[in-house]
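Note that the chains take the letters A, B, C and D in the order they are written out, and that residue 1 is the start of every chain.
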Amino acid sequence: MSSKAIAREKIPDAVSLLKAKYRVIAPVPKGKTFVFKKIGNPQEVVLDYNTTILPLKKFFLPPDEVIVKYNLKKREYQEPEIESEPTVFFGIHNYELQGILRLDYAFGTGVKDATYLKKRENNIFIGVTYTPDDYHFAESVGIPTDLKEGFDIFLTKYNGHYRVEALTDKGKNIVSQWSEFLEDCSYDGDPVVHFKNKLKQSVAGIREIFHGAYNHPVWKETSKKCYSCGTCNLVCPTCYCFDVSDEVVLGTDQGARSRRWDSCQILGFTEVAGGEAFREKRYDRVRHRMSRKFAYIMDDRDRPFCVGCGRCIRQCTADISITDVMNALL
Amino acid sequence: MNNLSIRVPYVTRVEGHGTIAVDLKEGKLIKSVLEIVEPPRYFEAMMKGYLYTDAAVISSRICGICSVGHQITSVKATEKALAFDVSDQTVTLRKLLVYGATMQSHILHIFFLAAPDLFSAPSVIPLAKTHPETIKMALRMKRLSNDICDIIGGRTIHPNRLVPGGFTKLPTREQLLWIKDKLENQMVPDAKTSFELLKSLADKFPAFSRETEYIGLKTDNEYAFYDGDVSSTDTGLTPEKDYLSITNEFVVSHSTAKHAKHKRSSYAVGALARLNNNYGKLNPLAREVADALGMKPIVANPFLNTVAQLIETIHVTEESIKILDTLLTTGIKAERPFVPAKLHEGTGVGCTEVPRGILFHEYTYDNRGRIVKANCVIPTNQNAQNIDDDMRELVPWMIANNFDKDKMTLTLEMLVRAYDPCISCSVHFLDVKYVE
Amino acid sequence: MGKPKVAFFDFTSCEGCQLSKLNLENDLLDILELVDIVNFREAISNHGEDYEIAFIEGSISTPHCVERIHKIRRQAQIVVALGSCAHIGGINAIRNNMDQDEVREAVYGNDKYLFPSIKAQAVSDVVKVDYVIPGCPMDNQEFKRVLSALLTGKIPEIPEYSVCAECKAKENECLYDYGVVCMGPITRAGCRAACPTNGHYCYGCRGLVPDLNKNAAKDVMEKYKLSIDQIKKRFYMFNTNYVNMEEKSYE
Amino acid sequence: MEAKNIYVPEVADIIRIERMTELETFYDIKLPGGRDLGHEPGQFVEVSVFGIGEAPISVSSSHLKKGSFEMVVRSVGNVTQAMQKLKAGDKLGIRGPFGHGFKTKDFEGKDIVIIAGGIGLVPLRSLINTIIDPAERKKYGRVIILYGSKTKEEFLFRNELETWESRNDIEYHVTVDRKTSGWNGNVGVITTLIPDLKLDLHNTIAAVCGPPIMYKFVILSLRSKGLKDNQLYVSLERKMKCGVGKCGHCQINNIYVCQEGPVFNYAYIEDLKEAI
């Protein structure tokens, strides 16, 4: 099968076509950076971007989400409605989708979490290649730029064009509707990209290194700079811890129980009645976050819960870098 | 009536703590004052050493009720001192914000603080039962004016988008369209209803009058709120930078707030003073309403300040619609926020007509952008002496009209409330030295 | 159970928090159905002295304030401090760093020696406070939440995490990316990142996070070119009573 | 990917409620239709109070008890205070049972030492009531119960304590931290009861539950007696918000207490730095 390509100018047309049938989520600019947003005007979509502020998890595990509703008078609990509109995620980097796959593991193994899984139905992912910037280090955690796992369609950028690869039946179906925008592709192969931000060693064996590093001085050193604001957790595609709280709408019988993104960097995260906190020292918490990614939680293929997006480094105002810390351990 | 003593501790339905004290002994009025007992707040001293970017944040806390006015005046003073360029768009949006704040403050005062007196109720709460439609309307009007402040200023109380140089975030076109629609289709009809209501209550305002000097801002092209020269019904125009020659603040023993005077023993600022200076520039509907209510300069009945507030509410509604039309035609242009100032030593004065009258801020900066000296002159301070002077004439007038003590007390309270005094604001200063 | 009797009292403050409640236009009538407001000087003329819940606005800054607040505490079953002034002393406390003698003279003139010097204090520095609604001004949505909690018999909780957490959840661009120093990382959340969302730096009005790393914060601010003097001033703007910038913090 | 909402509680009835001490209250809970909870001793449920919130609470009754199950709750915060105000006939939300409890099959034929500090007696009672049930008792060797409380005023299940004391197939020892009037028994922390125990080291298991600081000392003491790590079981408390291994709060290094615990064989968690 000869491969096909789409010219960059035709992207909005392709998006328009998708919009007729799907909710389309894609990156759009926000000031100096980017965010994933439901697309109104297809011209907004950008395919050349480094990273969005928040990962795609915000669509599946929203920052604040009702998990149970209830009625105080009637004394009954109800499931909230969960929307799962057919959605195309357009222009997605592969580490981003790897993040979703990690969340699938977290919410889909052991006790299955329908509140999350419902929203994962009817999703189509259209990936795009990217040029790593100073923060990305995905390759170091086993995600080279040509990894296409999970995508329905993958766009590879070359000379003002994108090669279009349909990887699943759903993908083929969409590509077939794009035929009028497509031309023959003169490019095969995948771009060679260089990551600037790297680990000294690849992830193989990293779990053992972490397990052996419990008392390493790097934790204390790092914690001196950290003010436990929690940003690193919230912006991470694979952090999914949450807090739960109830609220009754003033003057009504309507109650709701919600979950809200939480952060293991905050002292109260482990605090129980009596005031005991199980990771009381700041360095306990710094260590926990990073260890969780590389030693405590691995998916079924033994891949770490860090996808190398670099968000936690980029957005840390105290300049704490997970790669620096790891390189100190390696 | 020869001997009388009236004390209204903690006058209610005003901002801040004040006490009315009237003593009549053997037919002689020996005391008739509004004692201001609010703890002093020392703002000018507290601001010393803070950066120019912090001036508006701090001075805003002089008063939550007037925080829009304080912030706008503060950034204007800083901009003058540090020679900022400010775009027309910024000025237009700030005007819209001032109008929104004026509406919200006037509506609050008319319906929630003053109206209970007109309906002989202790507060608005029983009115919610007896006049539910009126109260719902008032809430609706107040909500809309707050929405305007939220959309332009970020929030109503201590707005968080105003910085020297401009706004840190701009409203969207959709939001502006929304405001315009609401003003035209909700505020205007509600304001007309309010006018009918006030007209029907006109006889509830005591028929007392005492002419004084009325001071308000004035410009060539509009009813001045955002800026202008300082205009006096006695002496004409004075440039804003010479504001001290107008305000002449002094200290009295019965008040933690300074008083002010110009040519006479006192002067008045606020809605009535503005109306007396700017009547000719009222927008058509406001003008119509003013005329129907007989509010033609010089209006010398201080109780009618409340009526002047309604006229102004209508005026700023019309004015806001006008400038929204212009803004929507030119479109909102993105501006770069956080433009740092080129630092140098400098002094600047800002003045704005806030709901209760002219507000002045003056700052002196050092060459690193730090406040060396700050001075704020607040409307309620400017009105304080005028209130005392009114009371001095009002008491004999009430006696002549055979008011009993209860009615006298209520009328005195109504007088104080008519000025809509903001006592919290008035106690902002540091250098009180008690003199007798 | 009858409607709970509620009173509002104001001390040294800008009265913004009082207004903030009046700005709940869409809920005011509902609230009046749920509680009996017996004292609210700014809005109503009658004063009741019989109340169960007292909401306190403003800091305690004169001997007279101290007397009044003790009296309120004796009456009320539940005392809630509203807004920065009541919660932490707030902006009033800037003056606590000034020469107290000068301040006293300012208040009492020649009588200054009659009164002990009194700083602008949080309500909880003087009497027991059951719950707080932080913020300058207090956030009226939070007020609603707290009121709803009190009426359902729930302990109203305020977040322990930082404003950054809420700022991130809103997907704002970080102000530090524009070189603007923001107190968000060390300020207690709950305002839904009101200021950063509007492009303004957070000035810490909700109080500092309980687990403060002062040195880390100071280092970051310094890196963004705020002088030590200005860093202190930033901390003191709302939090004079809760941070000593002269002393080194622990890890 | 079909799954159901795991967060929606089932509405259950409080059929009996009894104040045990100033802080602790006892509840007897009936699930719809009197269905059995189907728990093993040491497991917990998530209890919801309408309008307030949810908290993890151990099941305190044995699975042998039919028709309803029991809990004892100490009033420390939001949910637990609100629970204290409830009455018989009120409704609660229940999810669970969750986690892993004591595998009593493995205990058969063995001597069992139960060490309970304060409210730690609550989850252990479900184990105790299982093994001392007249029909079950003969499956096990000696049953030794060590119970420590701050003062005698804080004793839980007083009637049952008396029964345990009076039964001669149970060795029951109790101590208080602080003597108050009318107390003639042991005074001292719970570890002071351990040295005097005569144990068959090869055929004993110990089950421990109490406040966080207690574990370290009790385990040291048991080990120095010669018990091996795999003979020790502990029930750990952590903060929990979901009960189903998602929210992350109860994580100890790489394990979730709500999934693998709260009851652990000590050998399994010994190497976890943050466990004890």
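The rule is simple: a contact is a pair of C-beta atoms (placed from the backbone, for glycine too) under 8 Å apart; a residue touches a chain by one contact, two chains touch by 3 or more.
Just so you know, these numbers come straight off a predicted model, no measurement behind them.
Participant: Average the CA atoms of each chain to get its centre, and name the chain whose centre is farthest from that of chain D.
Facilitator: B
Participant: Which chain would you call central, comparing Cα centres to the global Cα centre?
Facilitator: Centroid comparison flags C as closest.
Participant: Most C-beta contact pairs, which chains?
Facilitator: Contact tally peaks for the chain pair B-C.
Participant: Quick check: how many Å separate the C-alpha centres of chain A and chain C?
Facilitator: From the centre of chain A to the centre of chain C is 37 Å.
Participant: Roughly how far is chain B from chain D, centre to centre by C-alpha average, rounded to an integer in Å?
Facilitator: The answer is 65 Å.
Participant: Report the inter-centroid distance (CA atoms only) between chain A and chain D in whole Å.
Facilitator: Measuring from centre to centre gives 39 Å for this pair.
Participant: Of all the residues in chain A, which ones touch at least 2 other chains?
Facilitator: Counting only residues that touch two or more other chains, chain A contributes 72, 245-246, 248, 262.
Participant: Identify all positions of chain D at which a residue touches two or more other chains, and write them in rising order.
Facilitator: 51-53, 77
Participant: If I count partner chains per residue in chain B, which residues reach a count of at least 2?
Facilitator: There are none in chain B.
Participant: Between which chains is there touch?
Facilitator: The complete list of chain pairs in contact reads A-C, A-D, B-C, C-D.
Participant: Please output the residues of chain A touching chain C within their complex, sorted ascending.
Facilitator: 30-33, 35, 53-54, 58, 63-64, 72, 220, 223-231, 234-235, 245-251, 261-263, 266-268, 281-283, 315, 317-319
Participant: Which part of chain C faces chain B closely enough to touch in the complex?
Facilitator: Those residues of chain C that touch chain B are 10-20, 22-23, 25-26, 28-29, 32, 37, 40-46, 61-62, 64-65, 90-92, 94-95, 98, 103, 106-111, 136-137, 178-180, 194-195, 198-200, 203, 229-230, 233-234, 237.
Participant: Under the definition above, what is the set of chain C residues touching chain A in their complex?
Facilitator: 27, 30-31, 33-34, 144-145, 147-149, 151-152, 154, 157, 160-162, 164-165, 168-169, 171-174, 176-178, 184-186, 209-213, 215-217, 219-220, 223, 251
Participant: Show me the residue ranges of chain A that touch chain D in the complex, using the header's touch definition.
Facilitator: Residues in contact with chain D: 67-68, 70, 72, 75-79, 106-108, 110-115, 117, 120-121, 214, 240-246, 248, 255, 257, 259, 262, 264, 269-274, 276, 278-279, 284, 288, 291-292, 295-297.
Participant: Could you pull out which chain B residues touch chain C in their complex?
Facilitator: Touching chain C: residues 10, 12-17, 38-42, 45-46, 49-51, 54, 57-58, 60-65, 67, 108, 112-113, 116, 122-125, 128, 135-136, 139-140, 142-143, 146, 154-158, 160-161, 163, 167-169, 256, 337-338, 424, 430-434 of chain B.
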